[in-house]
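Two complexes are shown next, each including chain A; its partner changes from chain B in the first to chain C in the second.
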Partner chain A sequence: MKEEGTNNEITRRKFLTNALRASAGIAVGGLAVYVAGNSNTKDLVWQLDPAKCIQCGQCVTNCVVTPSAVKCVHVFDMCGYCDLCGGYFRADAKELTTAAENQLCPTGAIERKFVEDPFFEYTITEDLCIGCGKCVAGCGAFGNGSLQLQVRHDLCKNCNQCNIALTCPADAFERVPVDSVSIFKGFSDIEFVNKS
Partner chain B sequence: MIIDRNEKYIIIISFIVGCTFLGYWILHDPVKDFKASLPGMDNRPDSISDDIENVAIGETFIKLAEDYNPESTFDWPGFRGSSRDNISFENTPLIDNFHDDKPEIIWKVDLGEGHAAPAIFNGKVYLLDYIEEEKADALRCFSLETGTELWQRKYNVHIKRNHGMSRTIPAVNENYVVTIGPKGHVMCTNPDNGELYWGIDLIKDYKTEIPFWYTGQCPLIENDIAIIAPGGTSLIIAVDCKTGNILWKTPNPDNWGMSHSSVMPMTLDNKKMYIYAAIGGICGISAEGNDAGKILWKITDFAPNVVAPSPLILDEGKIFMTAGYGAGSILFKVETNGDEYKTSVLQMYKPKKGIASEQQTPILFNGHIFTILPKDAGSNRNQFVCCNVDNCEEILWTSGKTNRYGLGPYMIADNKFYILKDDGNLSIAEASTDGFKLLSKTKILNGHDAWGPLAIADGKLLMRDSKQMVCVDIRKN
Partner chain C sequence: MTKTTFSIFINGFKPGKLVIFIFIIAISFISFDAEAQRFPKPEFESGYEQIETQIPVPRSNFMEYFDVFVLFIALGIITWIVLRKRSRTGVFWVSVFSVLYFGFFREGCVCSVGSLQNVTLALFNPGYKIPITVLLFFILPLLFTLLFGRTFCAGVCPLGAIQDFFVIKPLKLKNWVQKLLGLIPYFYLGLAVLYAATNTDFIICRYDPFVSIFRLNGEFSMFLLGGLFLSASIVIARPYCRFFCPYGVLLNWMSRISLFHMTITPTKCVQCKLCEGSCPFDAIDIPDTEKPKESKQTTKRRFIALVVLIPLITLTGAWSGYLIHEKLAIVNSKVELAIELIYLDKHPEITDDPSYTESFEVEAFRTSGQSKEQLFEEAKLVISKFRIGSILFGGFIGLVFGITLAGLSVYRYKNDYEPNKGECLSCARCMDYCPVDDESKLIEKVK
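Up next is the complex of A and B:
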């Protein structure tokens, strides 16, 4: 009986062993929390808020990727399918034809197709788009604002510090969760299709 | 010999390298993947305006209520009221504050999608609606007092939705109502019983090219003569309202097109003329005398692709014209020397450099011009602004960042501005040249695109959004 009672007492050795075990547990737990926190950070990506964007044109040159990972996205649900499209035609265009001199886009990245009188569909060719935002400004000024700039994440390097965000005068870049990467203005639930 | 041999090798190698580069330069086309952007790549059909419909203008009449003889004092007989200046001259005291209550909506009526606005005459409201279910332009006549629909005179025509379908305002006098439909169908009827007098198909008869967003031109009646601007084969025509006969027509030598703008009357040195801003330029056409219908002068310095506002006639032969979509504005002067007319541009600028408008026609009041700036006017966009009539490039004041009105209409009544934001909020501001003095504002309409011009008579203000028209009692108790 005396022996059993002696075994239940906490000895110095036993105390140190328990303390070491507890310290190891805390360290492992802390490491797990740190790893989890770190992985959350990796799940955030850079995105551009079109409501703040002023189409200054800096996305063209300030992205580390060439051409820029910022592209024009067409929110078809908002489009009026106009013949006279402010995002496609220069303001001083004399004819509404696909001739280069009438187009606003410097790289000819917007494809215009007749649908039915009087509607035309406009599709962005992303390979050609440089993210200058000229069409976005034109569409916003004269139309429904269905052309909007977005960071395309198949192109974006997701730099720790986005170089465009550093210089964006409108502070339009922000980190967003990877599972909801798009920010559109005007519609909360929209579909878009860009030609790639 | 060794040196010679080395030289020989160098020459041979240089020759081979040179030939290689030359061959590469000749065979490699660095722009072979480039695709030229040429007209026609959008598959646009040669003639986009499909087959011309055979429209029996005014073929159907429906009487919906018994005639009545309302007691009314004032009228708003067409586009911009009696004087085409958008200023009500009636002396009915009107509210200057909504307090906590919305003004009383006396009646409201559902309309086809669009921006067509009403005219008021002898206590009746006339509106050229497009009834989508019936695919018909319909001249609808309502009682101003109750909103009861009295009759409809209509005809079938196929209109597709294109930022709304209806756009124009009838012109009414004691004897006639003249309307222009979205596809250029002019109709003249009796204002009391809706009896059809005549119709003109502008596309068929004058080869009119209908503008992008359908006809926006509001007809003008003067001395029982309807003034219409078809473009096409005749720039302007004068039609006898009684018979439908063409009294005179103006040739269109420069092939100018129909715009969304309306014809405005002007008198210069006792010479009456009609001013029209077409697609191609602005012109003054003799309105009377032996030379009625003659082009007296024209100006092509300001010729945007799209023109919605109408010319604003100022004093001393000056005319202010503005347009949206990046066009800006022009202030020019017409001067006479006997039978000779000459024009001179006083100011011409882009929308960020002065006052401009995309859709509504500005108001001239107390030597100042008032307008809502277009979306492309920079930081002042969509604000209500004022300038002195002599300097349209200097904006004297704006309504501020918190008071933007989109493409909404505005008018002056009882010495106050009534400004409808295109989301349905109605503001009252003091009609002052000193600054924007907002008196009150409240939400009236719940729809969107409230672009149709306002109309007022006997203190009853008519306004609409894209699908509904309401009559609001704004009389001061």
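Up next is the complex of A and C:
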């Protein structure tokens, strides 16, 4: 349908290509400038909002890494150091001992240590925690809610699309700037130590 | 006060005791009026020091900028290797570096392919502030391609580079198979943009077949998919790049009008046909100097047919898009939840059944305190966005079909063996087959 490769046609094609190239360049540049107007110099990372979390337990399996990058974090400032810890003991626990049958945590990741009568300190062994949120639910129901689920950023791969965020029934996951990575429920003025 | 509270607790949670438990909680609230917490932090007498809550920091922001720098340098180096050095070995080593750095070290995210969704999301949702590094990951390869062809695909993109290692015995695909499979990326691109613009899902990232390999961690099905693509790459070279990659569509467009592009021969093609079978991606255009003899009538008729057909296919596509927009919108979590709630409202016998357990979504919605009307309004808004988006998506696919059809019947005068600028991945394999010496290099050698 086109005429044979005469000189005239080549120049016409060249001109069109040049025009097209220039407009493509302008389009890409324009898009970049336009989008840059709504940009952020800080990278974004995923975090879950404990206020929205319903402890459904799906963080255990829906994270792309195994075990999940979502872990239970103990906000000590909020802890009541209860002897009868709703996060540590099962509701049907026969006695308040560290015996495995009394523990709520399926992996035994919570450590209970006597401080002074009647207070006990609970620490989380993060290597064992699978992020199921059973203790979070227990502490939230019976205690202060000092146990909260959080994405741990030394483990999180920061997927462009967080797999848990997609399936989270409570829509609790959001992107937060890289310099303010934690969201805690009921407590905002805590100074935390950054572990690098 | 606290001691008495605890002594009752020690007896355990028997249902009967729960009432007393709640009662005591209520009392303790009154006595500790200012405290919002059920059990205020104790004042320790034994000198116990409270442990501080540790917050691990993410990968530093500096590293994200460093990655952009590495991307820029890698693009520069591979462009120089392909266009100037004309060295396949060089491309191979850059591929090794990219797989190691962008793949295994950086663990895949964010990549240029996925970043197109972030850019789309930022375009349509002002609430999302796109990190400037992600934007650069999107823009840099496009600009390089507009100037030098798809050198990004040659060996900087870790997804392409890892497949390239498996290209062992590439088969030649029939032209119609190629053209047909080549339409998939347009579908994928359209869907990805639609779902990203409506803030529903990033499907490119979700179905990225190689990211679990780079992370050495992930779902079994994704490993399987990655393995399938890699083993397919042995006979169908780089299947993901050619028949799936949505970013490849944009790069293809850019490359077609690129200012410079690699050539098979360093100087002048001698029509020796040695390079003919060298391209594993079937991206070499064979010379075509004989214009097929057709009567004016046929070409005129075809022209009219195309002029009528292309708008018709586009409109049909747009119409089909309109028809399926509700089906496409179901994926959105808000729409999904609204549908579930409406269904439950219509069938009260389901919720009345004592064995009924509500889904996590419904539970989360109930506890969130949001009203159903509010959710329905939001879902409606999402669906209306999908209506416009699906019409555009359908129209786009129709247009692509039409233009592909037109492209099949357009005669292009070709004198020499040349890489197809759109399809060529600038891998530099064909250069080794060209017997023509670069004269300038020869002169250098002689000197």
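We take it that the second predicted complex is superposed on the first by the 148 of 196 C-alpha atoms of A that agree within 3 Å, B and C clash if a C-alpha of one lies under 4 Å from a C-alpha of the other, contacts with A are read in each partner's own complex, and residues count from 1 in each chain.
To be clear about the criterion, contacts are C-beta pairs under 8 Å (C-beta built on N, C-alpha and C of every residue); 3 or more make two chains touch, one makes a residue touch a chain.
Owing to the predicted nature of the structure, the values given are computational and were not obtained by experimental measurement.
Going by the contact rule stated at the top, is it chain B or chain C that touches a larger number of residues on chain A?
For chain A, the partner with the higher number of touched residues is C.
Is A:45 touching anything from chain B or chain C once the two structures are fitted on A? First, second, both or neither.
In the superposition, A:45 contacts chain C only.
Quick check for you: in the superposed arrangement, does A:93 touch first (chain B), second (chain C), both or neither?
Both partners.
By the touch definition at the top of the document, which applies to A:118: first (chain B), second (chain C), both, or neither?
A:118: touches chain B and chain C.
Taking the superposition as given, does A:140 touch the first partner, chain B, the second, chain C, both, or neither?
first
Contacts for A:83 in the overlay, against chain B (first) and chain C (second): which applies, first, second, both or neither?
Once the two structures are laid over each other on A, A:83 reaches both partners.
After the superposition on A, what does A:171 contact: first (chain B), second (chain C), both or neither?
A:171 sits against chain C, while chain B stays out of touch.
If you lay the two complexes on top of each other, which residues of chain A touch chain B in one and chain C in the other?
80, 82-84, 91-94, 96, 118-119, 142
Would you mind writing out the residues of chain A in touch with chain C in their complex?
For this pair, the touching residues of chain A are 1-2, 4-5, 17, 20-21, 24-25, 28, 31-32, 34-36, 38-45, 52, 54, 56, 58, 64-66, 73-84, 91-94, 96, 115-116, 118-119, 121, 123, 142-144, 152-161, 163, 166, 169-171, 175, 178-179, 181-182, 186, 190, 192-196.
In the complex of these two chains, what residues of chain C are touching chain A?
Against chain A, chain C makes touches at 2-3, 6-7, 9-10, 12-13, 36-42, 44-46, 48, 50-61, 64, 107-111, 114-115, 117-119, 122-123, 126, 128-133, 135, 139, 142-143, 146, 201-202, 205-206, 211-212, 215, 217-219, 253-254, 257-259, 291, 299, 302-303, 333, 359-361, 363-364, 367-368, 409-413, 415.
Which of the residues in chain B end up touching chain A in this complex?
Residues in contact with chain A: 35-45, 48-50, 160, 162-163, 212, 305-306, 324-327, 374-376.
Quick check: in the complex, which residue numbers of chain A touch chain B?
Residues 80, 82-84, 86, 91-100, 103, 108, 112-114, 117-120, 140-142 of chain A touch chain B in their complex.
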